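Chain naming follows the written order as A, B, C, D, E, F, G, H, I, J, K and L, and within any one chain the residues start at number 1.
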């Protein structure tokens, strides 16, 4: 089995609907420009409030993806 | 643009239904007595278990709100 | 009132659907072999990505349960 | 069962005698102006030194109390 | 010597000029409504960016102040 | 000298009297079913409040104990 | 209102003069190659010492910027 | 694909030779009584000193293993 | 008022009796060789277990003391 | 002396052999596409287990590298 | 190139004027009795308040300095 | 059994060869001027990069050693 190298980037998704939707939007945006996305880690969950109610969920993720081809 | 001062308070919402609902209940309760709520940060997510199943989601938030009028 | 002792174990639930569903699966699995489950604490939320979209939410919990009978 | 909202405040008690006494003094002071105190969490334990010996234990607590009446 | 109880609140000051100015604005705002302010702790330093340059420094502080009269 | 392997479990003791008593109760309960207990680490100190006064100290410990016989 | 996705990168600015100047240099460098810079968070403040005096302040920032166009 | 539940336990391996050897001893000991070991996370690295030199490396791991059969 | 410089050292006290006694022993030992001790901060509380009961409380402190004479 | 700006990226190397080899593979991969690599910081050490033995060490690093030419 | 060993000490500087000045005072005091000071890391920033305004900035640093001559 | 007091110092070892070698160099240097070294804790692992490859591993340790003679 090969020994891969991965990179992790930090990305913030936002959604009016749910925490999961904010995660999905962030992952989908990463997927537009990066291949081999492998996993995510939630770093922070926060959000904006308008008129005394939650307006957006904002979820900060680290997204890990595999680089190039294995070292062997 | 003015230079505001904000206060952050720590509040725990609970819900039988979802993490988002617990957040909304906490924010709504803040909104009953405070104006200018601006953002929230999730500090901790936990919950109670009854009969071997989740009974309540309990989400601790910091809620930030703007104080008085800007310093200039 | 009695003075109980509790144990906390660390468990990871996964779900294709939501964070709450991953929590429920982890708690339900604990409930199959342990009694007196009392509370949970979310330690980490992460997940796997397949084809550029979230495949599984993976939520690490600590689950607390009461041991034996009270010390008095 | 109802779904409550709680607030947490941060308070520092001090005592010449013990850590427990510092906690009790902080909780008692909260109890003078707040109802429905429910739990505390120790955040930090420190103290002052005079003449090469401990003068005061200073314990920072978060104290949680239930707000108003349940949301349902 | 008396054994005091202190409360800590969390406050965010902002300034176009410097981190110190943001701290001073936050402390000054606390001082308008609270007596016996005693110390502050910097919790987080962040800021907003406009046109590729720092627009505001935003500093989150905990501010500690002495409550009522000493317990003895 | 042998090279041991240890396991750590997380346990919560509670006491109406003191933090030390809560620790002792947790350790004693571990000792009823486990041998070779070697050390403990305090992870969290919290408690319940009743009628505006501390009702129970609740101390979360990690307890380390040696497994089986040394690997050599 | 649209639901944006943001990326955060980690950058270290240094300055002989002040912490604020180190922050400004880091932000300015980001601004040379990235658009829509929105906020920064100070992660770490350190520095080098020469001849027993501070030579450089080195401030690690996370800088957040908005990606592409909103998801809707 | 099925949705598994995992448990994580905390284990300390020690070795006179290297950090990797301490990790291997801890994992091997887990493998004697547990099936489906899947991953480990290093939590802490410390050690004992004798006669002014390192005597043992002591590495605390969390070891994750899959429970029972998948929930579907 | 003068602008002092302080040094903090890390010290571990142990006691068979209580957490407070372990703190006092650590502070007293510092006081034998250092002047101007000013405050302490508890960093970690742990202990040893013998025969299934707590043998020693071991408390790690940072102790702060004032250096030389004020810079002005 | 010039005042540089650095960027830090997060990268995960894996190796069947050792923690150091995993670090080297991660650094080497960075070196293929980036110049002026200057330092690394280990963020997390974990790994995969196969057949009850360590299969891969996986080490997450932050790697710092100097950007462009100094600001003066 | 030689392989050095460094020591880090923890020091608190205070200043009525600025955070940078508090850092400089702490570093300067270290420089009076130690050679080969190499770098500092800011651990904590806090301060005292008098009459509702900042009286002193108090900055806790770790200061690293090289020991003796290289091991070669 | 006696009740000892320990001191912990922070030391950074570096090595071109391995993490273990960096630890050993740091411990050996402590042993040249201090007696009764008892244990170490790894606080941070980092290193320098030259020509796109690891040049030095730099490991920050806390080293604990027993002070004077037991308090009895």
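The criterion applied here is as follows: a contact is a pair of C-beta atoms (placed from the backbone, for glycine too) under 8 Å apart; a residue touches a chain by one contact, two chains touch by 3 or more.
The structure presented is a predicted model; accordingly, all values stated were derived computationally and were not measured.
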Shortest contact path, subunit C to subunit E, counted in steps: 2
Where subunit I and subunit K are represented by their mean Cα positions, the distance between them in whole Å: 21
Distance from subunit F to subunit E - Cα centre to Cα centre, in angstrom: 38
CA centroid of subunit C to CA centroid of subunit J, Å: 33
In subunit C, residues with contacts to at least two other chains: 9-10, 19, 32
All pairs of touching chains, each written as two labels joined by a dash: A-B, A-C, A-G, A-J, B-C, B-D, B-E, C-F, C-H, D-E, D-F, D-I, E-G, E-K, F-H, F-I, G-J, G-K, H-J, H-L, I-K, I-L, J-L, K-L
Subunit L residues touching subunit H - in the complex, by the definition given at the top: 19-20, 23-24, 27-28, 30-31, 37-42, 63
Sites on subunit F touched by subunit D in the complex: 18-19, 44-49, 52-54, 57
Residue ranges of subunit D in contact with subunit B within the complex: 1, 3-10, 62, 64, 67-68, 71
Residue ranges of subunit E touching subunit B (in the complex, touch as defined): 9-16, 25-26, 28-29, 32, 55-56, 60
